[in-house]
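The structure that follows is given in the form of structure tokens.
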Amino acid sequence: MSEKVFKKISVVGTSSESYEKAVEAAVAKASESVHGLAWFEVKEFRGGLGRDGSIEWQASVEVAFKVD
Amino acid sequence: MSEKVFKKISVVGTSSESYEKAVEAAVAKASESVHGLAWFEVKEFRGGLGRDGSIEWQASVEVAFKVD
Amino acid sequence: MSEKVFKKISVVGTSSESYEKAVEAAVAKASESVHGLAWFEVKEFRGGLGRDGSIEWQASVEVAFKVD
Amino acid sequence: MSEKVFKKISVVGTSSESYEKAVEAAVAKASESVHGLAWFEVKEFRGGLGRDGSIEWQASVEVAFKVD
Amino acid sequence: MSEKVFKKISVVGTSSESYEKAVEAAVAKASESVHGLAWFEVKEFRGGLGRDGSIEWQASVEVAFKVD
Amino acid sequence: MSEKVFKKISVVGTSSESYEKAVEAAVAKASESVHGLAWFEVKEFRGGLGRDGSIEWQASVEVAFKVD
Amino acid sequence: MSEKVFKKISVVGTSSESYEKAVEAAVAKASESVHGLAWFEVKEFRGGLGRDGSIEWQASVEVAFKVD
Amino acid sequence: MSEKVFKKISVVGTSSESYEKAVEAAVAKASESVHGLAWFEVKEFRGGLGRDGSIEWQASVEVAFKVD
Amino acid sequence: MSEKVFKKISVVGTSSESYEKAVEAAVAKASESVHGLAWFEVKEFRGGLGRDGSIEWQASVEVAFKVD
Amino acid sequence: MSEKVFKKISVVGTSSESYEKAVEAAVAKASESVHGLAWFEVKEFRGGLGRDGSIEWQASVEVAFKVD
Amino acid sequence: MSEKVFKKISVVGTSSESYEKAVEAAVAKASESVHGLAWFEVKEFRGGLGRDGSIEWQASVEVAFKVD
Amino acid sequence: MSEKVFKKISVVGTSSESYEKAVEAAVAKASESVHGLAWFEVKEFRGGLGRDGSIEWQASVEVAFKVD
């Protein structure tokens, strides 16, 4: 059979800059352990609030990659 | 009767830069075929992952416009 | 083949009276552009609040119609 | 700009055989009015039950197509 | 007992620039009336569309803060 | 900056007549403690059933108001 | 032990007048077969659309009743 | 009054062949105890996995029937 | 055919002690009227608050049982 | 008019013992600032994990109270 | 203690034939890397649409397996 | 960059005693294969029902841990 199959892993990325940077951090980390990254789905956006008013942007994503 | 009525169309915009740009692409395309754009609702954020590590930001939105 | 097919359009009706009137406004507007209306599904009830205490009832519905 | 944009339409297909046939009916009907079909998302599976015990398989899908 | 307790308030921030700015506006306003801000959860992203094509980014968040 | 910010409070209104009256009761109560009411979102419709067959219509809404 | 226990049954009421009448029809029917009705929860509002423009209001509710 | 009323019962059908067969098993069993079956809604698709690699297709459906 | 079929009933159990006791009360009551109990799914946890500060733990569960 | 109205506040309680204790902590804190507590709804159960293997049970609840 | 524990992995299977084949592809791939497969839950059904009108059935499932 | 990243794994714990014990079993098993456990989110509570009336409490959780 020639059906393609993908697996998805759940990753939470964080950034002090933006949600896009938080997603990029998550994807970059995922790429260290798996190959064939194909797409991702944002599951939740949250954020941490520091005493100094700083914001930590948090992106919870599911990253899909092709398995051979 | 003077009730206002709106219709919503479902559009998916993409961008290589950010989710805001992806939304703007969706809204810009919607504005080509309908008038009276009023608001939009984000339904999903996803993304495509290229072999070179690039990210395509994808925003699925419902765009509402007033109908006469 | 003889399978029936329906399409659904998303419409937001408003009324100063009730949710039923808001739905009716949405359905009436839908009937101007498509034929064969079959059913609708309420997706959300909201409302606008005027400075004078008035309420604008807002009904977001998906209206289904048969396509030939 | 070179961002791709897609639109999604909501279609309900039916079949006396299976959910796959119901989806195919929906997609076939969508292809009559729009071009560039790209993917679809199943939103709901339901069914009608006849007096004679027959089943009408009903698939509610959102069909996405590329807009130029 | 030494259990920590948090309360959450629901705030909608807006910005003409980005969702991050809209969230920051919401958090900044929350910080005017409560102390001990700890985290926030994004509940919805929407947007307003002006006649001139401008976009008002709207972020609905729940902001949590520690209560003594 | 001139970003607008809104807060939302959660209110449950009841009525022996209809859901619209239940919503109005909730909005009226909200207006006693906050100003600048802007919109509301219906979160749930329930009802209480009396021994005498009477129905208490219950509307759970989130009421948004502008904060300065 | 004296814990109270309730059961819930799922009923769909219809009316040519309003959602409240549709709910009342559902509750009235439920009261014919069970006693101790306590509350109900609205699960979905839909509607049927006749060829003559008439609307059949449909309310899907879960009706709870106390069991001894 | 002439309002129609339906009840819904929750049934889980299983099959070693397909989801359609699993739904049919659920509907067939429902038809043994109630009359006037009208429609069903699929709530969940799951499956059991045997040690020998076999799959048991499981369909959780709500079956609606008309009550007099 | 040898497909297994299950039915699910919706039960709300209460307890002055814990959610586990509330679930047990629901299951115990279900076992009085049906046989072949197989599993349950928690749908919602709520609670009643007495004037004296007491808590009534309320568990809404769907109890599945095998039908022959 | 004599319609009852309730407000709901969102509280997150924590405990090193159980979810029930976490809920009780949330309710106890709510009772310090408002009167007429009537019921609560569990929105989410989470937990914090310490380096020493300890668990902090976290219950996010909406607490409703009657307003005069 | 003798409590059983399961892990779940997220897999997307595809097939040119049916959803059942797509699920089987996902399960078969999962069985290559883990043992003790016990059940799966369908999370989403989607599909890819080829230029030639072909459909790629896509099933997103969570596959659970027992861990020792 | 110094962004923190977390991964989440999906685990189902069981216990004959309580949901807390079921969660603890899931967390304990997770801690055998990964380090840096940070938090968990309860996704579902279910239960198995034995012929002797016994209950197996089942907790489906997502356990997050920090990755370096």
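Annotations
By letter and in written order, the chains are A, B, C, D, E, F, G, H, I, J, K and L; residue numbering begins at 1 in each of them.
In this section, a contact is a pair of C-beta atoms (placed from the backbone, for glycine too) under 8 Å apart; a residue touches a chain by one contact, two chains touch by 3 or more.
Every value quoted in this text rests on a predicted model; they were computed, and no experiment measured them.
Between subunit D and subunit K, the least number of touch steps comes to 1.
Where touching is counted per the definition, subunit C and subunit L have no chain in common.
Farthest chain from subunit K, judged by C-alpha centroids: F. Of the pairs listed in I-L, B-C or A-L, the one whose interface repeats that of D-K, with over half of its contact pairs matching by residue number, is I-L.
The centroid of the Cα atoms in subunit A and the matching centroid in subunit H are 38 Å apart. Centre to centre, using the average C-alpha position, subunit C and subunit D are separated by 21 Å. If you average the Cα atoms of subunit F and of subunit K, the two centres end up 43 Å apart.
Multi-chain contact residues of subunit B (touching two or more other chains) are listed as 9-10, 18-19. Under the contact rule defined at the top, the touching pairs of chains are A-B, A-E, A-K, A-L, B-C, B-D, B-E, C-D, C-F, C-G, D-H, D-K, E-F, E-J, F-G, F-J, G-H, G-I, H-I, H-K, I-J, I-L, J-L, K-L.
Within the complex formed with subunit A, the residues of subunit L that make contact are 1, 3-10, 62, 64, 67. Note for the complex: subunit K touches subunit A at residues 9-16, 21-22, 25-26, 29, 60. The touching residues of subunit D, counted against subunit H in their complex, run 18-19, 44-49, 53, 55, 57. Listed in rising order, the residues of subunit J touching subunit I in the complex are 18-20, 23-24, 27, 31, 37-42, 63.
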